[in-house]
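Given below, in the form of structure tokens, are the structures.
After this come two complexes, each holding chain A, first together with chain B and then together with chain C.
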Partner chain A sequence: MNKEKYQLKIPSKTDNLELIRTFVSRISEMVGFTDDDVYKIELAVDEACANVIKHAYKKEEEINLVIELDYKKLTIIISDQGIGFDVNKILNRDIKNYLAQMKVGGLGIHLIHALMDEVEFRSEPGRKTEVKMVKYFVKDGKIKKSSES
Partner chain B sequence: MESFEVSKRVEGKINILYIKGYLDAHTAPMLEDEIQGLVDNGEFQILVNFKDLLYISSAGLGVFMGFIENIRSNGGDIKLSNMNSKIFRVFDLLGFPTLYDILEEEQEALTKFNS
Partner chain C sequence: MELEVIKKEKFSILKLSGDVDLYSSPQVRKKILSLITKSNKNLLVDLAEVTYMDSSGVATLVEALQLTNKNSGTLRLYSLRDAIKDVFELSRLDKVFNIYENEEQAFEGM
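Entry: the complex of A and B
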């Protein structure tokens, strides 16, 4: 497969999460991911976009979502020009203790890491944030089958 | 268009919420309002039946986190039942099974409330 690129620029409001999920899941299905992986990709993207909507902007702005496909992987880059944040603060939390304290929020970033094969956050506080997430078509050198997670 | 619905049934002192469709950051406030209404009425024994729920994001899980401390401090609980495997995995990935009773069937959850 040659490298292909798809892009969605969409207003940052929760009404659009459904549309974002549909965009991502259709492309993931089209390139042959299992139902299970499609669900994971859809959820990871939902979490990243919901974070942009809830935390990045003070008012409705724009989310930029890019999907790149090559022969071995699907890469999704979600970017915003919002306030940015310190991702390490969230990732360094012990999620079990955090939940045990019955705290709300910050769960999405942990989910994204659990659902995707590679995740990278780049944030410049006050300027922009970019999250890049990757799901491979192959696992341990083999094409994934529907029975594998 | 994907949608989300909540309906309610009362069995004894237990309020059973049936949630249906897609629970995300857009629809989570609907569930939040429903649970807030119960709490405001002093109803602290809540069972949520996930049988018809097709999708959940962390915003949905956050609703339960937002109420559980208050509900338990009032002697109640939120118990969860009838999740499909995809929904359960989201709860499992975040460690919720150690914090919440997640039962296969509604009846098991009702029994647990009454035990």
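Entry: the complex of A and C
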């Protein structure tokens, strides 16, 4: 497969989340991910976009979503020009203890890490915040694509 | 997302269906806050028809659990699809909630 690219630029409002999920799940299905992996990709993207809607901007702006496909993986890049954040503050929390106290702030970021094979955050507050997430078609030598399982 | 409420003498049942996400979870939250009172402090949530739930849905149910605990009541979730169960497990909250396989088990002892 040559590298293919799909892009969605969409206003940052909660009623667009379903549309974003549909866009992502259709492409994930099309390239042959299992239903389980399609759900995981959909949820990871939803969480990242929900974070942009909740925290990045004071008013409705734009979310930029890019999906890149090559022969071995699907890469999703979600970016915004909002206020940014320090992801290490969230990731350094003792999540087990934190959740035991029934605190759920930052849960979305932990879910993204649990759902995808690779996740990378970059934030330059006010300029660009970007989350890049990857799902491999083959993991640990095992083919994950439903069409080939 | 749609919701339906059935009120019994000692508890309420909230049946949710469709997608529970950042768009719809405020509606669920509002309904839950109106259902859990000092006189009706037990809530059973039927998730059989919930096809999608994100962390805002989970957070809403955590708030419901805190509220029932505060009122010395009970919150039970039941009939979760596998994908929804996974969200609770990945959130490490599956042990925090009382989760039942079906309605019959969830109603036991209520």
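By our rule, the second predicted complex is superposed on the first by the 143 of 149 C-alpha atoms of A that agree within 3 Å, B and C clash if a C-alpha of one lies under 4 Å from a C-alpha of the other, contacts with A are read in each partner's own complex, and residues count from 1 in each chain.
In this section, contacts are C-beta pairs under 8 Å (C-beta built on N, C-alpha and C of every residue); 3 or more make two chains touch, one makes a residue touch a chain.
Small disclaimer: the values here were computed from a predicted structure and weren't measured.
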item	value
Joint occupancy of chain A by chain B and chain C, clash or fit	clash
Touching partner for A:Ile53 - first (chain B), second (chain C), both, neither	both
Chain B versus chain C as contact partner of A:Leu111, first or second or both or neither	both
Chain B versus chain C as contact partner of A:Thr14, first or second or both or neither	both
Contacts of A:Tyr39 with chain B and chain C, given as first, second, both or neither	both
Overlap of chain C and chain B interfaces on chain A (superposed complexes)	14-15, 17-18, 21, 36, 39, 43, 46-47, 50, 53-54, 95-96, 99-100, 102, 104, 107-108, 110-111, 114-115
Footprint of chain C on chain A - complex, ascending	14-15, 17-18, 21, 36, 39, 42-43, 46-47, 50, 53-54, 95-96, 99-100, 102, 104, 107-108, 110-111, 114-115
Residues of chain A that touch chain B when the two form their complex	14-15, 17-18, 21, 36, 39, 43, 46-47, 50, 53-54, 95-96, 99-100, 102-105, 107-108, 110-111, 114-115
Of all residues in chain C, those that touch chain A in their complex	19, 21-23, 52, 54-56, 58-59, 62, 65-66, 83, 86-87, 90-93, 96
Chain A contact footprint on chain B (complex, rising order)	1-2, 22, 24-26, 55, 57-59, 61-62, 65-66, 68-69, 86, 90, 93-96, 98-99
